[in-house]
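Letters are used for the chains, namely A, B, C and D, taken in the order the chains are written, and counting of residues starts over at 1 for each.
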Amino acid sequence: MNEHPHQDPEHAEHIDSVKTYAVILVALLCLTILTAFVATIDLGPLNIIVALSIAVAKMLLVVLVFMHVRFSTRLTRVVLVGGLLWLAILLLFAFTDFNTRGLLGVPGK
Amino acid sequence: MATAAVLERETYLNASYGLKSWLLTKDHKRIAILYFITISIFFAIGGTFAGLIRLELLTPQADLVSSETYNKLFTMHGVIMVFFFLIPSIPATLGNFFLPIMIGARDLAFPRINLLSWYLLILGGVLAIYAMVAGGVDTGWTFYTPYSTSYANTYVIATALGIFVAGFSSILTGLNFVVTVHRMRAPGMTWFRMPLFVWAHYATSLIQILGTPVLAVTLVLILCERTLHIGIFDPALGGDPILFQHMFWFYSHPAVYIMVLPGMGVISEIVSTYSRKPVYGYAFVAFSSLAIAVVGFLVWGHHLYVSGQSLYAGLVFSFLSYFVAIPSAVKVFNWTATLYKGSISYDTPMLYAFGFIGLFTVGGLTGLFVASLGLDVHVTDTYFVIAHFHYVMVGGTIMAYLGGVHYWWPKMTGRMYPEHFARLSAVVVFIGFNLTFFPQFILGYQGMPRRYHVYPPEYQVLHVLSTAGATVLAVGYIMPLIYLIWSLKYGPVAGKNPWGATGLEWSIPSPPPTHNFDRIPVVMHEAYDYSAVPREVEVG
Amino acid sequence: MLAVSIFFTVLIFGAVFYFAIKYRRRSDDELPGGGHTGLALEVVWSVIPFGLTMIMFGWGASIFFKESVPPDDAMNIYVVGKQWMWKLQHQEGQREINELHIPINRPIRLTMTSEDVIHSFYVPDFRTKQDVVPGRYTTTWFTATKPGKYHLFCAEYCGTKHSGMIGWVYAMRPEDYQEWLAGSPTGSMADRGARLFDDLACANCHHADGSGRCPTLVGLFGSTVRLAGGGAVKADEAYIRESILNPPAKIVAGYQPLMPTFQGLVTEEGVVELIEYIKSLNAKPGLEQTGQPAVPGAGAGSQPGNQ
Amino acid sequence: MDSQIQQSHVHPSDLHQGEAHHLETLALREQFDTEAQQKDASTLGMWVFLITEVMFFGGMFLGYTLYRSNYADTWALASRSLNLPIGATNTCVLLFSSFTMAMAVRAGQLGKKKAVILFLILTMLFGLAFLGIKGYEWTQKFEEHHVPALANFHLEGTQLQGQAKLFFSFYFAMTGLHALHMVVGVGIVLFIIFQTMRNKYSPKYYTPIDIAGLYWHFVDVVWIFLFPLFYLIDRHP
């Protein structure tokens, strides 16, 4: 019975304050404006990295605070990380094909 | 049902009556029965298509059906068998019925969603059957682009929609199982006390959850592309048809494990019960299920060796493919070791289990051939591949399914089936199966390509053998249908635990009451602890 | 590999049968001792098969690698798949449908594409199979060693008459092959490419000396082309095909995207003829302005004959 | 069907309320033992469902990434044709809706019925505003002939219309799918408002509000990625 829910000490209800939510909202809005602004300057390949980093940061804020993952069980986190890992598998392994086409110099290999 | 007259006790079968009480039931056991009926019908439809295919291939010329019809036959055979029979086969029936009982739960976590899954399967099936009746579909069950999006003139959209809907059925079943296993275990039912059947279903559910959505979105893109011609897979507009193959096989390769893992779970139960020994290497068998589920996601590219995929991707996928072989081999070795010094009885389920182990071994070892880059070039898209996956799907999954149905039949219906007929049918299935599919290995090695309506005459002898085997196989499948239905009324009443098996499902009456347990059990023993089973003689 | 498989099949079948008979239930109430887990055994039967599979992997991979890279002296044949026929062209100009004549003991390299759906070029006796994908080239190669008549199949389902998309490969002794070639004299592919080059008025822009509005094609094939906007690309068949059908996709550095697309104006067979022509310019520079037919067999790596 | 077979024999070591079945309530369905167990199961179920959604969108992300890397220049040009101020505004609208959703869940935790209804209505309005703005953007695309399925498709400034078409195919497919999720989300919120009015929820049982919140935030997160992928990357001239 190691992880049965109602014996889980972590399970105690946690209610965030309005202030927390408001701060997060402001942070999200600022990040949106920031990322939209950065997109108009030429940083070379950094543009993609910045845009995606900001998106990841925003995702983390929403997931951790609005979706309460900060206080969730370990299992929820495993589910979340596992899901993202599988998305990575899909992209990564598909690109072992697309990114190595033509390396051999024989069309179609 | 007839059982009501004999047993005065309330069971899930006689708790309420009428069609409505079944169609609106939330009881996982009743839903399992609904699935049984549904997938049996799909199996019959898919089997009929298979029969017609084999009949047509009796001669090298086209004499039974036209090319158009033949192409529709093998497509619909594949679609029905894969998406409407094999995927739901064991999980939705035996899994649905026994997974909650085995972990000591009253029901699945979400009974309404469970019922919804069934309706989704029905809806998907209706769409697929509509496509069949309206004129059929001829793309092959793989829907390769650009043929399926730009060239086929058949009912691709209805079929794809049907599979899309049925996919959600599969996702919801998987979701239900995962939550149930995590949150509904009885006190004392730790992870390592769970029967291996539950482990196998847990692994299966993970694949359903992680893989099926990708199939769903692939089908959505197919639908967009076919209706709007927006170019996603169309090389004329810059699309890449190989992208479709990646997305399709990202689901469809792991889907093979959706089909076979539950079968492995069934075999673990059967082998243990009829050797009266715990499964050898319990933890290894349990973890090998998870390993198969995980590694199964990393190997899809081995379907694409000659597709125009890059050589380096081929190398990576081939290398990883061999990793799947190991957990599968571990399972086979452990089952065999379980027999060692056991007390083995040859009841029908055990005969099916022997069949499974043998046929799965052949299917698995030929998998090594097709995983090899060099050999696959020759045998891919030939009858060798057909034979290989039928050894795994039919020789594996269906053998396990039949074994499981026989094993739990007394529990589900409260009746015993005629043992002699059942043993005979197991033997007939085994012989018929091998006669059908072994010649196809040779055919494939000789170069007979798959999906050929007419073929060069030199292949005829083996095709005739295969068709003859299919006839035997059909007899083997029809026999259980007859005597199992017969047993519902005339079979001897089964006791609580006719096999002397372990597991919570054998601790409750047959058939079980609606709420499974009068009192939620407290589990004090490891899985397969035969010393804990009372050695009573069962009386009806 | 077969041996390993048979060994394990026999091992498992044997063990199952042996145990099943030896340990059959003798009385209804016997209770065998509980099994345990032998860690050593588990490790042994995981590691040994793993080692074996890695050998299989290495073996299969090395064959595949060899199968993938055609030798430089291979004879070029172009294949266009189409529902439901194979169209093949020799560099010497012979065109065949569903039949392929080749000399033995000479590596044959196939450059293939499809006009519609995916097909797959499969000659069981040569152990060769490669999907033929619309919109791009795929390559395979083989060497026939014995004269004879071999099956050619389409192995990727391609529609109604998929099983009718079959043909024969005739492997011939080199002298017979020469005779066959001589029996149906035509202009070489490069010739036809040159005529097409003329008909499409390509030379209006592509001058041999590079003075035109478009880059010269002399010496192009096999070279590395610098692209506008950075990057470089090797001028192989795929690049030339793309540049004919979708010219703006890759613009050569220093030139304007002026060239119109020839999608719909040139067939896939026309494209490979143009490619052969462009290849032939490497050997005989200065021909493309006159449009004069190149000498048969002048193309790169296309010296037919006895070896 | 509740025949009462029971309680006389409760095993001492049984920590659970192990009787066969109890009276079913919304907060405690008959298959569960405790309300906490049910809440946990429901939450876990929702998270697992969201993972399937991740993979569902994941397939499209794969296609997007492939073509973006293959056709970078054309796609950069095409992304410049999208309206950045409107896209950014819409992102903010959606973030506001997420905030109000979080507030609604909080009100649910505290059992403030009126606040729940208020915040849910706000959430719904922000959601509808998002859809409205999105609809406006799509109409613009129609007028600019940027709809790939139509014969008049044309993107100015490039000869590579096929590649441009692909961009807009993915744009419409992914934003369309996202919008579809929004529509479903609005429906769910409407249902929850209705149920709240009927006093179905309490601080002991607000799971549906919580779960609807998870769904809503997830849809928000999808947009958080769609926004840079379509509007921002390679935007600079």
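Keep this in mind: contacts are C-beta pairs under 8 Å (C-beta built on N, C-alpha and C of every residue); 3 or more make two chains touch, one makes a residue touch a chain.
Just so you know, these numbers come straight off a predicted model, no measurement behind them.
Here B is the chain whose Cα centre lies closest to the centre of all protein Cα atoms. Interface comparison, A-C against A-D: more C-beta pairs in contact at A-D. Rounded to whole angstrom, the centroid-to-centroid distance between chain A and chain C, based on C-alpha atoms, equals 42 Å. Chain A and chain D have CA centres that are 15 Å apart. Distance between chain centres (mean CA atoms), chain B to chain D: 33 Å. Centroid to centroid, with C-alpha atoms defining each point, chain C and chain D lie 46 Å apart. Residues of chain D found to touch two or more other chains are 15, 37, 40-41, 44, 48, 51, 54-55, 58-59, 62, 66, 70, 160, 162-163.
Among the residues of chain B, those touching two or more other chains are numbered 182-183, 187, 210, 214, 236, 238, 240, 242-243, 246-247, 250, 308, 311. Shared interface positions of chain C, i.e. residues touching 2 or more other chains, are given as 68, 130, 133, 136, 138, 246. Of all the residues in chain D, the ones that touch chain C in their complex are 73, 158-160, 162-163. Every residue of chain B that touches chain A in the complex is listed here, in rising order: 182-183, 185, 187-188, 190, 210, 214, 240, 242-243, 246-247, 250, 297-298, 300-301, 304, 308-313, 316-317. Those residues of chain B lying in contact with chain C across their complex are 67-68, 71, 138-140, 142, 144, 146-147, 150-152, 235-236, 238, 241-242, 275-284, 305-308, 311, 314-315, 318-319, 322, 325-326, 329-330, 332-334, 336-346, 354, 357-358, 361-362, 365-366, 368-369, 371-378, 380-382, 446-447, 449-456, 529-531, 535. Remark: chain A residues 1-5, 75, 82-83, 86, 89-90, 93-94, 96-98, 100-104, 108-109 touch chain B in the complex.
The touching residues of chain C, counted against chain B in their complex, run 1, 4-5, 8-9, 12-13, 15-16, 19-20, 23-26, 29-35, 37-38, 41-42, 45-46, 49-50, 53-54, 56-57, 59-65, 67-68, 83, 116-118, 120, 122, 124-125, 127-131, 133-136, 138, 151, 153-164, 166, 246, 263.
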